[in-house]
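Each of the next two complexes has chain A plus one other chain: chain B in the first, chain C in the second.
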Partner chain A sequence: MFAPYLILLALFGVWPIVQAGLVSLEPTVINPAGGAQNFADVVADVRFVPAALNVVVFLVMYVPAMLIVVSLMSLLLDTVQGRWNLPLRLAYIVPASMTGATAVLIWYFMLEPSLSPYQDALHALGITQGNQIWRQGGLAWIFVAMAFFVGAGNWIVVQYGSLQSISDDILEAARIDGANSWQIAWRIKLPLIRKYLVYMGILVFAAGLQVFVEPQLISGSVYTGIATDWSLNQLSYDLAFQSNNLADSAALSLMLLVVCIVAAIVVIFRSDFFEGTGVGSKK
Partner chain B sequence: MKRLAVALVAVIALGVALAGCTTGGSSSSGRPSILIWADTPRIPQATEYQKEMKGKVDVKIETIAQADAQTKIALANRAKKGWPDIIFGAPADTAQFKDPSNGYAADLTKLVSKKIFDGFGEGNSDCLYNGKYYCLKNDLANTVLWYNTKIFKELGLTVPTTMQEFVDTALKLKGTGYSAGAYGDQLYYAAFLQSSECPLADLTAENTVRIAPSDPKCTRVAKTIQPLLDSGVIDKRSPFDAGFIKDVAGQDKVAMTIGPSWWGDFVIRPAASWSVPAGEIAAANMPSWGTGSDNKSGAYGGGVFTVSSHSKFPQAAVDAAVWMTTSDWMATAATTPTFPAYGPANKLWEARISKDPYYANNVYTAMAAGANNISQVDRPVRFPFNAQFGTLSAAIQNGKSLSTALDDLTKSLQGLAPQSGYKVVTK
Partner chain C sequence: MTTETITTASSGRAHGVVRTRGFGAITGRTVVWIVLAVFGILSVVPMIWLILAPSKTAKQLNGDAPFSFGSFAQYGVAWNNLLSQNNGVILNWMGNSVVYTASIVVISCLTAVLAGYALAATALPFKRALLIITLVAMIIPPVALVVPLFVEISAIGLYDNPISVILTSSFYPFGVFLAYIYFSTSIPTELYEAAKVDGAGEFTTFFRIALPLSRGLFGMLAFFSFSAAWVNYFLPYVLLQSQENFNLSLGLGFLFTSSPALNPQNGAQQSLIGRPEIALASLFLAIPILIVFIASSRLLVRGVLAGAVKS
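For the complex of A and B:
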């Protein structure tokens, strides 16, 4: 019954990881002996620490922003039933239908003072030149905004779906007990969809850790070199294809994978993610 | 059952037919077959070659982005198949391709005739490594001085011939609303650091690179150019910055700028870019830093064709690379974008550009004067040299001094070079 999934997992999940593991130990230009030294070489690369810091700053803004705004918006959406519900859901999903690459261009135009439709607002803030916004050191929030608007709409609709799974009996009981809408949202609805929020948190964290499209496109086309090797995934890409060093690239990818898995495990076992399925630490 | 049998027969027949197609094309006819990878501007050249070779060599063409050259060869190396017979890319790509760890580039020294190399003169020096040629240069992008004759006349300026005169002339623009250009990107390197021969990628041995920002040829750049930045007569922004184009260049306010030879047709003239009116722009020789041979130009761009060491038809591949870089057709085609590196070809190209009524003088003269005089101190290297200009321009745009900006750049370069197996010398 699980066979179709397991076959795909083995082919496109497990096998590439095994292969990356093998490649990561191959000899490189700087380490002709190969082996685990490659992992140390990656960490010692001058580009590694700045990229890691960028990604941490990105995650610190991106993950909470997603969790808080998505929870809030889906709770609000849940209170709007009737004929406005469908148009609202559509409105959330439209920005999410942009891909990351399109979003990069749209944000470039919105934030470039000489092209922006919000020129006056930018000028009022004292921003008259593109380089006041697009500057090294201040890029994380722009990338967060790009990734947020691409991702949030989808998740709002998904979490709205999970709110729909809450039984009306429970909500009615709460109402009879005298709970107002705020209390129902905070004490009943949110705890009941917590698992879905945890699940979302894991996926959003994994996506954020691998941030690539936004810095790569801005740096490759609009402002050449402004975000070269800004993120760890970009560094991995450049190691493979600019430095002719596939082994270090594979090593870095595996490090990212380990961080993802460890973070997911910690979150899963510190929450009651698997409660009710017989798995997990708490019963 | 019968339907299954019919279907099986059909599939087998189709398979045979397809197999026939793939083998029938080249090898069964006995003709050599080659694959060319090039970026969009080079496709008309390749298509013409394909036409001329019809019946002699089967030429296949695939369009790639220039920036993807290393990526795609790395993947082919990994797969141990699928290499193109020739590829268009940047000189730094060849530095990577000729390294034993990559092994894609063929040594062309003996495969290409001496007559061709002689025709290139200095033009092919980017392809020369330890006395051996590993590529053929397509076009040269040496810097010249672009100036606006209308503004020069209005302000009574004379055309500078030395860097000091450039500075003096630029300072006269203060308060006039005119600019001496924007240098907040790779142009600062090409126009000033490279022309001054500041050693930032100076290969003193095959795997030793000298990156020495304290060299007098580096320090004189910051000292000379800083006053221009401080007085605002040159712009911190990139010459491609939307704000600079809207406020300055697009208003016909650039009195002069140092820029590569392709800028006339591709940056200064197009309506979507600086859009400077016809009859105003002229080119003069690159201002010299000092006397004698201290008069080099920098370069911003310029591509090369590299030939595969894995080619099944090495001669056909070499012939294609030679044709792409030296043919009369390429030199005279209206689609040839930039200054051909091959001497006889750029003579032919001269015919078009020198009579172009858009320009206020014969811009070819200045281009040709600098073409064989590009600084050879910095060489194509295996680490991502050009990608580090982001650090340089960020420092300049964030208001740091030019000497601090250079320190930031050299720190990145010195950190990166060892990652590609270079020993770094800093003095």
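For the complex of A and C:
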């Protein structure tokens, strides 16, 4: 009964990691001896540090923005239980349907001063040319905006769902004790959904670390070359498919993977998210 | 002093009467509504723009107001232009998207439900270890495994074969976790035990007892599996090479990089693929997932995470 999944797990969950481990040690053009030196070669690649910095800047903006806005919006949404609740939730998940290439198209138009529905706002900010926005230094902002736009709505709806699991008795008791909406949100609701927010934070972090599609598509279409090797995953991709250096590509992938696995283990064993599921830190 | 009664939403919590105090509370309330409404408008604006875009010619799209409507006939023109691209390869892409997504949803949900049940209700060796591996796999974003999967897929000779995309995407640890939680909390374990005492085997118990009780679970699993599979980009991007094997999301990316629509320096100058055509192709990608989202919005409210891990 477990077998079909176990086969998929072994073939596409575990084996690729083992094989990548083996490939990462193979000889390369720069390092004919192979071995662990490949990992050092990747880090020493001139493209590595800039890409790593880009990803760090991206994460520093993306993860807190997601956590703060999603918490705030789901709490606000929870305070309006009337007939507008459902339409609002539906509106919030609309952007999640515009991912990948669609998101790139949308953002190209939204940020192009001559075409954008927000052209007045862009003009007010002194932006009259697309290339004032689409330039090397400002790319992280754009990619954060794109990733945020696709991801936030779904998470707002999910965390709104988490808020629904809080028992009425607790909220009623707080209200009787004279707590206002602000105090209830801050002192009661937020702490009660904290573990779901932590879980979300880890998932958002792990996904952000792997940012690929947005810079890759922008760079391949709208502004050629503007974001080549902008993220670590793009570098890994280019090592494999442009430089034919599968060993270094696998090495870089493994490094990113290790960070994700560590994050996963932290959330499983150090947070109370999986409490009660038989594996968490507390039972 | 103002008193306002908040009616209970069908799926929401039962609320009593909320008393708000004086002027400050009213302005607070207004601010909340403004924030909620503005966020809602910002969320919907790009979709409205995208729906209107193919109604205009490329010239109108650049010159007219962003929210103007061209004509219905223009949707047809844009569609015909899309069809002209490589003998209607877009039809291949759409067909592929449907076939890949349907296969992935079926395989991933079935394996996940079986595995979740096995973890929750049967005597499985190394249960804890398997559960932990599943949790780790569920937290790692699928993108992280793309290059390792490419290495493996090319080694076993499935490169550029759609089977590779279907099988690798059917690995669904999050689904296993949801099914495991469902079978261990929503259905009393006494039920399985009673069936076994009555002489039912593992499979009989699963098909006669557990499966009929898990329609809601299937809905949720299919929802998440669908939303990931339909827009799948990076994995097919790496595993597939031939244009006719692309899914729609990959095909759209290809139109982006190969046509002069967004960058005049790209591709053939005579291409019929302009911005309205790209917008129309984007709509084909976005609308199905939007419909599924809206149709299953009630499922999501129940609290995906809370419902899943609350024990």
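Rule of thumb we're sticking to: the second predicted complex is superposed on the first by the 254 of 283 C-alpha atoms of A that agree within 3 Å, B and C clash if a C-alpha of one lies under 4 Å from a C-alpha of the other, contacts with A are read in each partner's own complex, and residues count from 1 in each chain.
Methods note: a contact is a pair of C-beta atoms (placed from the backbone, for glycine too) under 8 Å apart; a residue touches a chain by one contact, two chains touch by 3 or more.
Predicted model, so just to flag it, every value in this text is computed and none were measured.
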Partner chain(s) touched by A:T228 [first = chain B, second = chain C, both, neither]: first
First, second, both or neither for A:G220, with chain B first and chain C second: both
Which partner, chain B or chain C, touches more chain A residues: C
Partner chain in contact with A:G13 - chain B first, chain C second, else both or neither: second
Which of chain B and chain C A:Q242 touches, first, second, both or neither: first
Touching partner for A:A207 - first (chain B), second (chain C), both, neither: second
Partner chain(s) touched by A:G151 [first = chain B, second = chain C, both, neither]: neither
Set intersection of chain A contacts, chain C complex versus chain B complex: 114-115, 220, 223-224, 240-241, 246
Footprint of chain A on chain C - complex, ascending: 6-9, 11-16, 21, 28, 32-33, 35-37, 39-41, 43-47, 49-50, 53, 61-62, 66-67, 110-112, 114-115, 117-119, 122, 124, 128, 130-141, 143-152, 155, 167-168, 170-173, 176, 180-181, 184, 202-203, 206, 227, 231, 233-234, 238, 249, 252-253, 255-257, 262-263, 265-266, 278-279, 282, 285-287, 289-290, 293-294, 297, 300-307, 309-311
Complex interface listing, chain A residues touching chain B: 29-30, 45-47, 112-115, 128-131, 135-137, 219-220, 223-229, 238, 240-246
Residues of chain A defined as touching chain C within the complex: 1-2, 4-6, 8-9, 11-17, 19-20, 23, 73, 76-77, 79-102, 104-106, 108-110, 114-117, 119, 149, 153, 157-162, 164-165, 168, 171-172, 180-182, 193, 196, 199-200, 202-203, 206-207, 209-210, 212-213, 217, 220-224, 233, 236-237, 240-241, 246, 249-250, 252-254, 256-257, 260-261, 263-265, 267-268, 273-279
List of chain B residues in touch with chain A within their complex: 67, 70-71, 74, 78, 96, 99, 101-102, 184-186, 236-238, 241-243, 245-247, 382-384, 386-391, 393-394, 397-398, 412, 415-416, 418-421
